[in-house]
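What follows is a short report on a single structure.
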Amino acid sequence: MYNLMNDWYLNLAFSALLIFIGLYCLLSMRNLIKLLIAVEVIAKGITLALIATSNARGFILTGQSLVITFIVIEVSVVAVALAIIINLYRHTGSLDVKKLTKLKG
Amino acid sequence: MVVLFIFIPFILAAILPLIEKVSKRFLPDLLTNAGILFLLVYTMTFGYKLVATNTGIRQLEWFAQPLNITFALDGFSLFMLFAIYLLSFGVTLFSIDYMEHYGSKGIFYALFMIMVGGMSGLVLATDLFTIYVFLEVSAISSYGLVAYGLKHDELEASFKYLMLSAVATAFLLLGIGLIFGITGSLKLGDIADKFSAHDLKFVIGICTGFFIFGFGLKAALVPFHSWLPDAHPSAPAPISAMLSGLLIKVSGVYALTRIFLNVFGLTPALSTILMYLGIVSILVGAIIALGQTDFKRMLAYSSISQVGYIILGFGAGTPLAIMGALFHILNHALAKGLLFLNSGSVEHATGTRELDKMGGLAKKMPITAATTVVGSLSVAGVPPLNGFWSKLLIIIGLLQAKAYGFAFIAVLASIITLWYYIIIQRRAFFGKLKDTLKDVKEVPFWMALSTVLIALVCIIIGVSFWVFIAKWITPAANILEMGAKYARIFLRI
Amino acid sequence: MNPANLLIPIILPVIVAIIAILIPRSIKGLREFLAIIGGAILIYVAWLLFDYKNLNYSSQWLDWLNFDLRLYNFSAFSLLWINIFGFLISLYSYIKMKDHPRVAEYYCYIYLTIAFANGAILADNFMVLLFFWEGLLLTLYALITLGNTANTQATATKAFIINGLCDFSMILGIGILWKITGTPSLSEIAHNPVRPEGLALLSFIMIMIGALGKGGSMPFHTWIPDAAIDAPVSVMAFLPGALEKLLGIFLLTRVSVEWFAIKGTPASIILMIIGSITIVFAVLMALIQKDYKKLLSFHAISQYGYMVLGIGTALPIGIIGGIFHMLNNAIYKSGLFMVAGAVEHRTGTTEMKRLGGLKEDMPITALCYLILAAAISGIWPLNGFVSKELVIHGAYETGFVIFAIAGWVGAIFTFVSFLKAGHSIFLGPRNKEIPKVKEAESPFIIPMVVLAVICIIFGVYNYLPFKYFFEPILEMQHEVGVHHDFSGHALDLVNPVAGVSLFMLLIGLTIHLYGWNKAEKKASMASEVIHRLPILSTLYDWSEARFFDLYEQGIKFLKGLAHILYVAIDRPIDYFYEKTVTITGNTFTKILQYAHNGHYANYLAWCIAGLVLIVYVLLSLVK
Amino acid sequence: MNIETITILAVFVPIIGSLTIPVAGLISKSFRSVWSVLLGLATALFPLLLIPFALSGNSHIFGRSLIMGMDFYLIVDGLSVFMSIVSSFIGMLIVLYSIGYVSHDENQSEYYLMVLLFIGSMMGLVYSANLIFMYLFWEITAICSWRLVGFYRDKIHILRADKTFLVTFGGAVFMLFGFIQIYGYTNSFNVFDMRGTLIPGSAVLLILIGMFAKSATVPIQTWLPDAGVAPSTVTALLHAAVLVKIGVYAYARIFNYTFAMPQAWQVAIPILAVISSIVAAGAATVENDLKRILAYSTVSQIGYIFLGLSVMEPTAITGAILYLLMHGLAKAGLFLCAGIIEHNTHTKDIRQLGGLIKTMPITAVAFLISAFSVIGIPPLGGFFSKFMVILGTVKSGNLWLAAVALFTAVMTAFYLFRVFNMVFLGEAKVTAKEGTNSMLFVVVVLAILSVLAGIFIAYPMKLAQIATTQILRIGL
Amino acid sequence: MQILYLISLIGIILFSVLAILFKDLLKAALSLMGASVFLAVVFFMLKAPYAGVFEISVVAGLITVLFVSTIGLTRGDANGGESRLSGIIFPLFFIWFVIIDILIMYALLNQYPATTSANPESGTFGQAFWQKRTFDLIGQIGIIFAGVFSVLALFRKKDKDV
């Protein structure tokens, strides 16, 4: 029987959608925290793709290991990013990415 | 004990913040320097012997019980380790004095060590996902280090760096996932095997694209370079040296090369793409560096340009080009590291990075000026310094690959490179001393020592290039020349 | 005789020169004494060599070329006369140059000149010839700088450049000849002269320019009148008056006769044309000069035209005439310059309108002038008549009568101008500004008198020079059996050529008298009649404006060319490096800098665009 | 000492010795000066020791293989010995002259270091038998010239120094590209392996760019006059004696000695050389800055040397090799005289100078003698070289080129006299005194050498001929 | 079961879209949490319970806490300045991409049919995680160190003013 859950392409399509949503936000939004949320959305797309792939190929155990490691990485990145954002906010009093153009040229 | 390459940095990183409570300066300085020096010597003695006796992979044994940690300690990774520790040693020496006024040396050294450990792990990894993990290790510590100064510039640069590389690594991981899905394994050897067995061009194409994006962003290839000119100048000088000198090469170039040359095999299409990326990077980096007024920003753009050379060399894929690219990794690491350290010295002494506010510093800072000349000429590829030989090999290799146009542009770009380096010389060092700089002093001892040491290494490698090539480059190049066969044969475990 | 003796005429003057410059200023008289003694020894050596006639010397010099010297008839003759001139000039300089501030240098240069000239005469291969020949440039320049007017340096430079141009042209010609014949040896070439055709003609012209330039033929003459004012008189008497003519004719003869067989070729015609033009134009210029020395210097040019014309005929009679004329010219021209020196020495000027009536004060000088001027004007039976007749005869015999006519026209105006000069200096009323003067001192007088006597001897007893000097020279003409003895008809008045010549002298006298009357009895203005003639006056105006001065025009051309090269080639290249490259680089940099605007979204967009592009390219390349 | 030891010493004594100069400078100023002169003397001595060997007509190649064709080989033959004698000897004189000249300036340690390093790398370049090492030493000289041109550290000086460095470096990398292209065919960089190889036109072009850039030949000439802002010692070193000769030497070594060129280039290069010669002569006529005139004059004379080498005729090549010596002596003399003038009057504009012959008679005479040698008047040395170049050019059939070259000689005479007249003659516009003894000594020695080189032309000629024979592998 | 799966997938998308479209950062963060929860559900259904647990605890929990506290620290007041346009045109792009996405996936499906691996993995998660991925664990230690020290460095008190 056809199993939606095992349909690699379906899952990949959804994961691609998530990545797209994240990228769209990254390109168009201005709030720093929003951008970080967008990165998280992309990360979700990646985890979905990883799990879906390993599930479809029968390597779900390894897949889970990868995802768990990835989540740890994600947390670290988010933590560092948020720390930077807080520091930036202290400096500029703003969370607008368009104002972060001191470095250019 | 190959594992020491990773454990020593990590263990030092773990204890350094604690030690800082006991001794604010002396012990962290000593431990870091001693640790890196030990690793350097260990690489040159133990590591070299190990590689010389048998090529390929090592497995970690734990109480005579094989554990599932395998290291790809071959000529290539050993060479990278050598480069990492060599420059790191110079940087740690430099940091003794330089990082004084930044505060929290313990945490700084801890982050530094993690970065070094991450790079070592990346170099030794035999597993695609492990490569990714260690890439993130060094990347996350570098985010912290870039923002270490906690001023607006640093934070802004670090934020952009983080956000761009987060996207890039996401795509990288997607690529890894796809490959995992296709081949069912993450081991480089297995992947190489499967790739050669199946007709999977389409997926390989997509994965290659993702990898180029991921690693290319780390290596700051145009058009993925935009974070670099922000991040590298903003970091403290030793970190700039590490980032430009090593991180972009280890997490970008090394990974790219290892995967494309040893796992995927260098197909003509890939070769073309890499060469175009390389040449565009060379040109864009060089041209934009011309217009910079900020010392470190100019150096950062120069890094983009020089990485272009390396990628161009690997992309050409002829033996000499590969050798040249490998050699250029080390040479550029040393020279650019030296230059960034010197930019730190200048900033330390004058309090500015603006070239327009400097002038005639050679009179007050002769050591810095002299070492900067060495570094500049080395990067620009002026003999008899080391940078010349690597560029020469790359260009010979390009010509052997019949890539005349590329070689020609590469040659032209080296003129532009010299152009902006002599702009630095002209505005900062060579010339009449400005009145505002009358009371500038030469940098403290350790900083001077470190720069002099690196400059000497540059000169020594330059004048005894053949020894160095025979000893370090040829084993590494041999591995890369074997192409995918190497992974299939040696990276199987 | 030991061939190494050929080195004496070269080395001895050098030694004299070195000693002369080393003698300290405080020891008076020694230098002059040494110079005279040196000159005497040189004459003696030259006489011995002249007697010996045939000698070859060769020593190891360069690997591929020896230092070859060769003495034969012609060079023995020239050698002798050079050293005679040298001796006379050092004698003359004893008084004239005694108080000159740079007298040490003067003697040094004079003797170096003699050394170089001797070397050039004796040289038997191109390298040696050029070595000495070009060396003369150096001493010429140095000697002219000894003058002390404001323009001395400019004149010296002018002389150097003009002669340099001619010499470089000669180098090129010699290069071509060397290529054609394949040998640098002059005697080897002389065995088998080249016919001047094609490349060889070019070579001939090039070398000819060198010879003409040395002698000061038109259009390479223009430094001579300037030098007449700016250089010391003794230098003028020595160099353009005697030595350079000798060398020029020496080389020209060798070129035309020994190296090339120009007889009946265009080369011959070219030479004759140049000779004729030089005769006529220079004499016309000489005619209107206000300064006696300048007048003389133009005559020096004009007389050279006769020599060129004579040699250009390539007939024995013409060649003999040319050489003889050279000798005569050296004699009477040196004498005339010495007269100028004597007059200048006493009165302080040589401007003709400020002089007058000197015959009472300086009778011997006036007498000498009379003889010498008669000689140069070709009055029977002086030497000038003999040689001029031979030249015109030769020109006549070639069939191109026009060249003979040019010679006659020259004769008219030569006579006119010397009438004018003599008239205004020695006759007529005294100028009030000039105080009463005494006769010149004996060192002035003796050479003048000697020269005047030689003029008479060579005229009346012309078989002497013919026999001892010229007939041997003609032996190098290979046409055996040609009649070489011209002494018989040298003073012959009953032939058409001589008749026309005498008639010309009458015309000259008429013109002068007419002009003198016209100019209200002012002798110095007697030439104004000619000056005012319709076409001539325009020509004179042009030449006053230095329109014909090759040097002035050449320098203008050179400066213009230099300017064009500088502005059109050098500066644009510099502009390219300085500006074009920089601006291009900066423009690209600006564009790229503008693109790096610091916006995160922008950077990310690049990354994604790059990714899409790479994937697209990869997929299309893979398929 | 055998040949190899002497050669190695000749190359490495100045190079390593130069690095000790800052140390000597720490000890004392006078010790540094003495030490520099000693090193200069030693450097000048070693090549002289090689003369007997060179005169024997043999050549000796030795060294060791490194990797990938980048082998360290040295070649001792007529050409290299001749060139090294010229360079080291004039270099030594310039070091001597410097003692008086730079004694009041800053950065003397760097100055002497760079000068000696320059001479040393020149030795290395001359003796190198490997293209890559030739290039290596080539660039070291570029580095030295860069530091030396900017010696006075003014903004304009630095800009000019940068121009010098960039242009010569730019040219050199093109040359390197050419070398590599050749390597693609031959798999070797050793000149003795590749003798007689016919190389493609593109490689010739690339290598020529490098040589022309270094030797300041049109169209890459303008850095040389601009570099005249340097101390006169340096300009003498750069413009006259050594640096600009590098390109010429390399031409002789690479195109005459090693490779065969396509026919079209054999026709084109003499034309380029003559154009360069006349354009530079024109520029020299127009300029008013003393050192710029002399620099353009150098460009012009270099054109002659290129002409001599490129017509491939034994006489012309011998002449060109001799030219290296004669022009080195004479032009160094001119520049050093200009140095005395500049040093004592503080101006280089010939319009502001005049009448200096009264106060500086020795300088004036030395200047004049050197000028005559450059113009090519016997008995000075310049005559023989110029004549032989012209003769060879004519013999090779390039009549028009010879004519233009001779016209250039007339122009040379014109502008040098213009300089002499305006600087030394006329009314005195500035007051100045004669130079110091060491400076005068050097210019007088150079002037005398110019004369002696002409009178005893046979000796240098012999060596030059041996060099020609070895280059062309024929007898003359 | 499959319906639930599909709903979960759509839920992820929905909450993600909300997360990026909400002007209020707090709501956005909570939406992200929602997406994480749905993702965890999907993981459970795909037989990846450990990953699901991690997703809920760490991502939905820890990260949300981090976000919320950051929003608190920055007072969340900087949400102004966001252009309305990006929210308005989002659907257009979204639909456009959905179509492209479907097309690509369909094309891929035809070209490379998805095949399950012949020999699926055996053993337990513990074996897979601890034994096969040991090197990753070392890496994780590094990651945690790096994160912790970076945050420490960013929030340190500086000894001296620079």
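Labels for the chains are A, B, C, D and E, by order of writing; each one numbers its residues from 1.
Please note the rule applied: a residue touches a chain if its C-beta (ideal position, glycine included) is under 8 Å from a C-beta of that chain, and two chains touch if they have at least 3 such contacts.
As the structure is a computational prediction, the values presented were derived from the model and not from experiment.
Asks: Taking contact as defined at the start, I'd like the list of chains shared as neighbours by chain A and chain C.
Replies: The shared contacts of chain A and chain C, listed by label, come to B.
Asks: Measuring between mean CA coordinates, which chain is farthest from chain B?
Replies: C
Asks: Mean of the CA atoms for each chain, then the mean for all of them together: which chain is nearest?
Replies: Smallest centre-to-centre distance to the global C-alpha mean: chain D.
Asks: Using the touch rule from the top, point out the two chains with the most contacting C-beta pairs.
Replies: A-E
Asks: Please flag the chain sitting at the greatest distance from chain A, going by CA centroids.
Replies: Farthest by centroid: C.
Asks: Please compute the C-alpha centroid of chain C, do the same for chain D, then give the distance between them in whole Å.
Replies: 37
Asks: With chain centres taken as the means of their Cα atoms, state the distance from chain B to chain C in Å.
Replies: 77
Asks: Can you compute the centre-to-centre distance for chain D and chain E, using the mean CA position of each chain? Integer Å is fine.
Replies: Computed from C-alpha means, the inter-chain centre distance equals 71 Å.
Asks: Please work out the Cα centroid separation of chain B and chain E, and write it as a whole number of Å.
Replies: Roughly 31 Å, centre to centre.
Asks: Note the residues in chain E that touch 2 or more other chains, in rising order.
Replies: 117, 132-133, 136, 139-140, 143, 146-147, 150-151, 154
Asks: If I count partner chains per residue in chain C, which residues reach a count of at least 2?
Replies: Residues 593, 596, 598, 600, 604 of chain C touch two or more partner chains.
Asks: At least two other chains touched by the same residue of chain A: list those residues.
Replies: 8, 23, 26, 28, 32, 35-36, 54, 56-57, 59, 62-63, 66, 69, 73, 76-77, 80, 84-85, 87, 98, 100, 102-103, 105
Asks: For the protein chains shown, what form does their contact graph take: line, ring, star, complete or other?
Replies: Graph shape here is other: it fits none of the named patterns.
Asks: Considering every pair of chains, which are in touch?
Replies: Chains touch in the following pairs: A-B, A-C, A-E, B-C, B-D, B-E, C-D.
Asks: Give the list of chain C residues in touch with chain D in this complex.
Replies: It is residues 60-64, 127, 130-132, 134-135, 137-138, 153-154, 157, 160-161, 164-165, 168-169, 171-172, 174-176, 178-179, 199, 202, 555, 558-559, 561-566, 569-570, 573-574, 577-578 of chain C that touch chain D.
Asks: Going by the contact rule at the top, pick out the chain B residues touching chain C in the complex.
Replies: 160, 163-164, 167-168, 171, 201-202, 204-206, 208-210, 212-213, 216-217, 223-224, 226-227, 229-230, 267-270, 272-273, 277, 284, 287-288, 290-291, 416, 419
Asks: Could you list, by residue number, the parts of chain A that touch chain B in their complex?
Replies: Residues 8, 15, 19, 23, 26, 32, 35-36, 39, 42-43, 45-46, 49-50, 53-54, 56-57, 59, 62-63, 66, 69-70, 73, 76-77, 80-81, 84-85, 87-88, 91-92, 100, 102-103, 105.
Asks: List the residues on chain A that touch chain E in their complex, please.
Replies: Those in contact with chain E are residues 3-14, 16-18, 20-22, 24-25, 28-34, 36-38, 40-41, 44, 47-48, 51-52, 54-69, 71-80, 82-87, 89, 94-96, 98.
Asks: Spell out the part of chain D that touches chain B in their complex, as residue ranges.
Replies: Per the touch definition, chain D meets chain B at residues 66-68, 70, 106, 132, 135-136, 139-140, 142-143, 146-147, 150, 153-155, 158-159, 161-162, 165-166, 169-170, 173-174, 176-177, 180-181, 183-184.
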